[in-house]
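Have a look at these structures, which come just after this line.
Paired with subunit B in one complex and with subunit C in the other, subunit A is shared by the two complexes that follow.
Now for the complex of A and B:
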């Protein structure tokens, strides 16, 4: 007699996840407990790396990462909501074209796009400044190499990741519910608060999580557009692994970021009914 | 005696979509406390009309007055009216209580007062009070119907609109809800404006019925008037099965074209004759021999499909020895000229 066939069908995936997800995670956690600047996995277990992480000023890059991720999530959310509403309700046959145009850049390497933005923003001979100077005789400075530039890059890169789940969310709002709310005396804000946001919540949550988690792991924006104005936690981790050759310290920082991410993601994921989104 | 302005007054109300006119210059006064029903087939413009009345759509031309006040340009959320939607449009992410309290919340009614009123409304629509905290997703079809009704009443509207709310409900429950709705109308004394495609449903509940066709009211009248004196074949055809006999002028006078019989006193181009007015036997005014082509048992009555000359007729006969005719049998039938409603088109 055969046992539950579901297990055998799932087996390849289970093996894959164990090998390429669980195992590296376990190795990173194990490394973070090793003495600093060692490459062995057999040293004495200890928490000294975590003590250093809290005592040695790594809080600042972690904070910048969290602030950057939170701001990007908030701003892309504010931009994506009206965009999604317009695409869903008013764009008609243009919707798919506009959606494709927004999606297309995802297929181009992130650093290529960021260098493009960097060239656009460069002072003097940059595309924006140069054009304004040549055509309108207007001289402008630049905000390249500032925290603001890094944030602009983050928003630019992550907007589609917020928009597409939100489009699904907006599609989950039946038009008659909005009409019913208006009929019962709800103004625009009340409709948004009482009907649209709660009904689109799964899409908002997925978009928000996706954007936030991606932003937490992003460092190209800060490196290419932010110059030396800001160090994010991923840059600090990379530096530990590459230049400092301190793998245990890098691993400890990685574990901290994973812990922060998990603390935010798991409660949110529990509230999402994926079936409801996929059914649409 | 004080003269009350009509609850709702439509003047030349028109809605065009591109070149198509969905609602074509409709004018009517609906009295305070009236149960007014608009009946029409799909595409007749009745749903567009009720959306104009509720403020969910804007008329291309014409005006709308509520108790004498111009509300033509007033948005839905500021109109003192409420609608029960065909889809019900309940807020599935909220509880029964929150649904019913929605309009009160929008008006800023304090929570305790809202709750008290919601419980009152639950009783009014015959739902137990312990439904208050339940999610609406846990309610059955009939219960959802009642929640939608209570939610609309929760705004204490001056007029209630109904856009075919019973069309998706099974026959028995529909019959129950029709009676409950009529009783609710009598108890609340509010003006009800009801949309349906079923004249039968309209007959049961309404004070007045308007038959809508291609954006216009074809006939307006009490259920009795519509039933007894339809103004056109369209209205007559709406009442389910009915005999429509063309009449032509030949030689000395009018004749039933297909029956080949004289039609003395014909007052229109078509005779509308209810199936129960066609009786077996030859004792009434116009008698003819007909072959039974179909026999259908309807319970208290039996329906016969008849062929007489070029005419096909339907007769309904009360249970009894007269209803014993079989398919293929030829028998004498007759009807009274007085039972005919005459229409010209």
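Now for the complex of A and C:
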């Protein structure tokens, strides 16, 4: 039997994904069923770690990560929508330059950018506080080392991930559709709700999903900007693996994050037709 | 039409604010690197390039760059090879499992990176593999190969298969067609894919944190040194590392232009 060449071309990728994506996740799931504080994979299977996870206060870091991800998605969405509309409406030389300028920081390591944000916000001799003090003799405090600071960091890092899919989405709205709606007497709000948002939905969905999922695992923002004010789920997992040496417990928490991710991503991926978005 | 003008100014102001906000932290890093005190008091009393001199003299700077470069080069080679092959299955051929393949391919992109890193670390430990820069290459590849595949697929969607058939009709072999027709047509996509792979690997922190073991790539070193043992050396190396990646990209772009000039169709 001869298979279509498409399958053979897909084969290397399928092998890569099975070996280094599916298999590690399966091993993590298996580990999470092992007795606590064991290091091999041959123990008796049980759900003890999950019981501990829900009973022992691990719900709190998971909740912070979920809240952080939801807020970041919402706020970057609100910031990115007008930006995307402006860049699309005034497409041309300037818009391309601005788009490139917004894309560029993605390629600068997030450790560099978050570190920059922290020295910008630092109290006393920080860039902002120091400048205001030297120029206007104004002393300001700081919100560094708070949950709010971690949120600002997440918004800062993930804004481009929301904006670019949104730009693709906005480009899917035919201009005449908006004019037609206006001619028929639709107000600004009605146009947004009935015409623009539904037509741009694929882009919004991709951007929102990407931002939410990336934020769910985000750790560096809370570590660099949040101080000890907040423990996110990734930090809790890392702590289980490294200091507590309780791999099965760390694995169980990892599985919870994977489960939340899968619950969001699977239905969305089934609905989105990526071909239609990238073919343009 | 005064209202329209106001709105235009508001728009310019908005976009200007967004871009400024994105760049303020980056400018802050550059400013911090020009100090000579461990505890920063901006504006600096002394503005100096001492930190850059120290960084240039410090062997750590070289080691960090070599490790990041090793990882990035391997990731580029892997993702360009696998990405080109994968894109053929994604965009060029119509086959039975294609819809499913297209959906599975994007799963690693929509996945929290530190969690992927942790999962890889755990499974490697279970298998007795010590993490090193090589395992970091694997971790980066799981995330970057699908991205590069999509980048190349965008090019492939606009590709006319009739060219290949014409070449076959003229008696070209399978290998000749691949080398003379398919690859040149895909080349712009492959090149942008390579740039993406390089930059994404070079700047990646969350995947390296758990998978690079004792080999510390640049972003990871910066991450740990901003928390403890801070000195102006840290922002200086951050600036140097970013400039090095910028330089490599510019060199690649120039090389591409030179090669394109040489291979002009006769």
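Just a few scattered comments:
Note that the second predicted complex is superposed on the first by the 277 of 280 C-alpha atoms of A that agree within 3 Å, B and C clash if a C-alpha of one lies under 4 Å from a C-alpha of the other, contacts with A are read in each partner's own complex, and residues count from 1 in each chain.
By our rule, a contact is a pair of C-beta atoms (placed from the backbone, for glycine too) under 8 Å apart; a residue touches a chain by one contact, two chains touch by 3 or more.
Values in this document were obtained by computation on a predicted structure and should not be read as measured data.
In the superposition on chain A, A:186 makes contact with subunit B only, not with subunit C. Of the two partner chains placed around the shared chain by superposition, neither subunit B nor subunit C is touched by A:78.
Look at A:90: by the touch rule set out above, it reaches subunit C but stays clear of subunit B.
When the two structures are aligned on the shared chain, A:47 is found in touch with neither subunit B nor subunit C.
Applying the stated contact rule after C-alpha superposition, one finds that A:140 touches neither subunit B nor subunit C.
By the touch criterion defined above, A:259 reaches neither subunit B nor subunit C.
When the two complexes are superposed, the chain touching more residues of subunit A, out of subunit B and subunit C, is C.
Applying the stated contact rule after C-alpha superposition, one finds that A:108 touches subunit C and leaves subunit B untouched. In the superposed pair of complexes, A:224 makes contact with subunit C only, with no contact to subunit B. The touching residues of subunit C, counted against subunit A in their complex, run 11, 14-15, 18-19, 21-29, 31-32, 39-43, 82, 85-86, 88-90, 92-98, 101-116, 118-123, 125-126, 138-139, 141-142, 145-146, 149-150, 153-154, 157, 199-200, 202-206, 209-210, 218-220, 222-223, 226-227, 234-235, 238, 241-242, 245.
Residue ranges of subunit A in contact with subunit B, taken from their complex: 174, 176-177, 179-187, 190, 194-195, 198-199. The touching residues of subunit B, counted against subunit A in their complex, run 54-56, 75-79, 81-83, 85, 87, 89-91, 93, 102-103, 105-107, 151-152, 154-155.
Residue ranges on subunit A touching subunit C, taken from their complex, read 3-7, 9-10, 12-14, 16-17, 20-21, 23-25, 27-28, 31, 41, 79, 82-83, 86-87, 90, 98, 101-102, 105-120, 122, 124-127, 129-131, 134, 156, 159-160, 209-210, 213-214, 216-220, 223-224, 234, 237-238, 241, 247, 250-251, 254, 257-258, 261, 265, 268-270, 274-275, 278-279.
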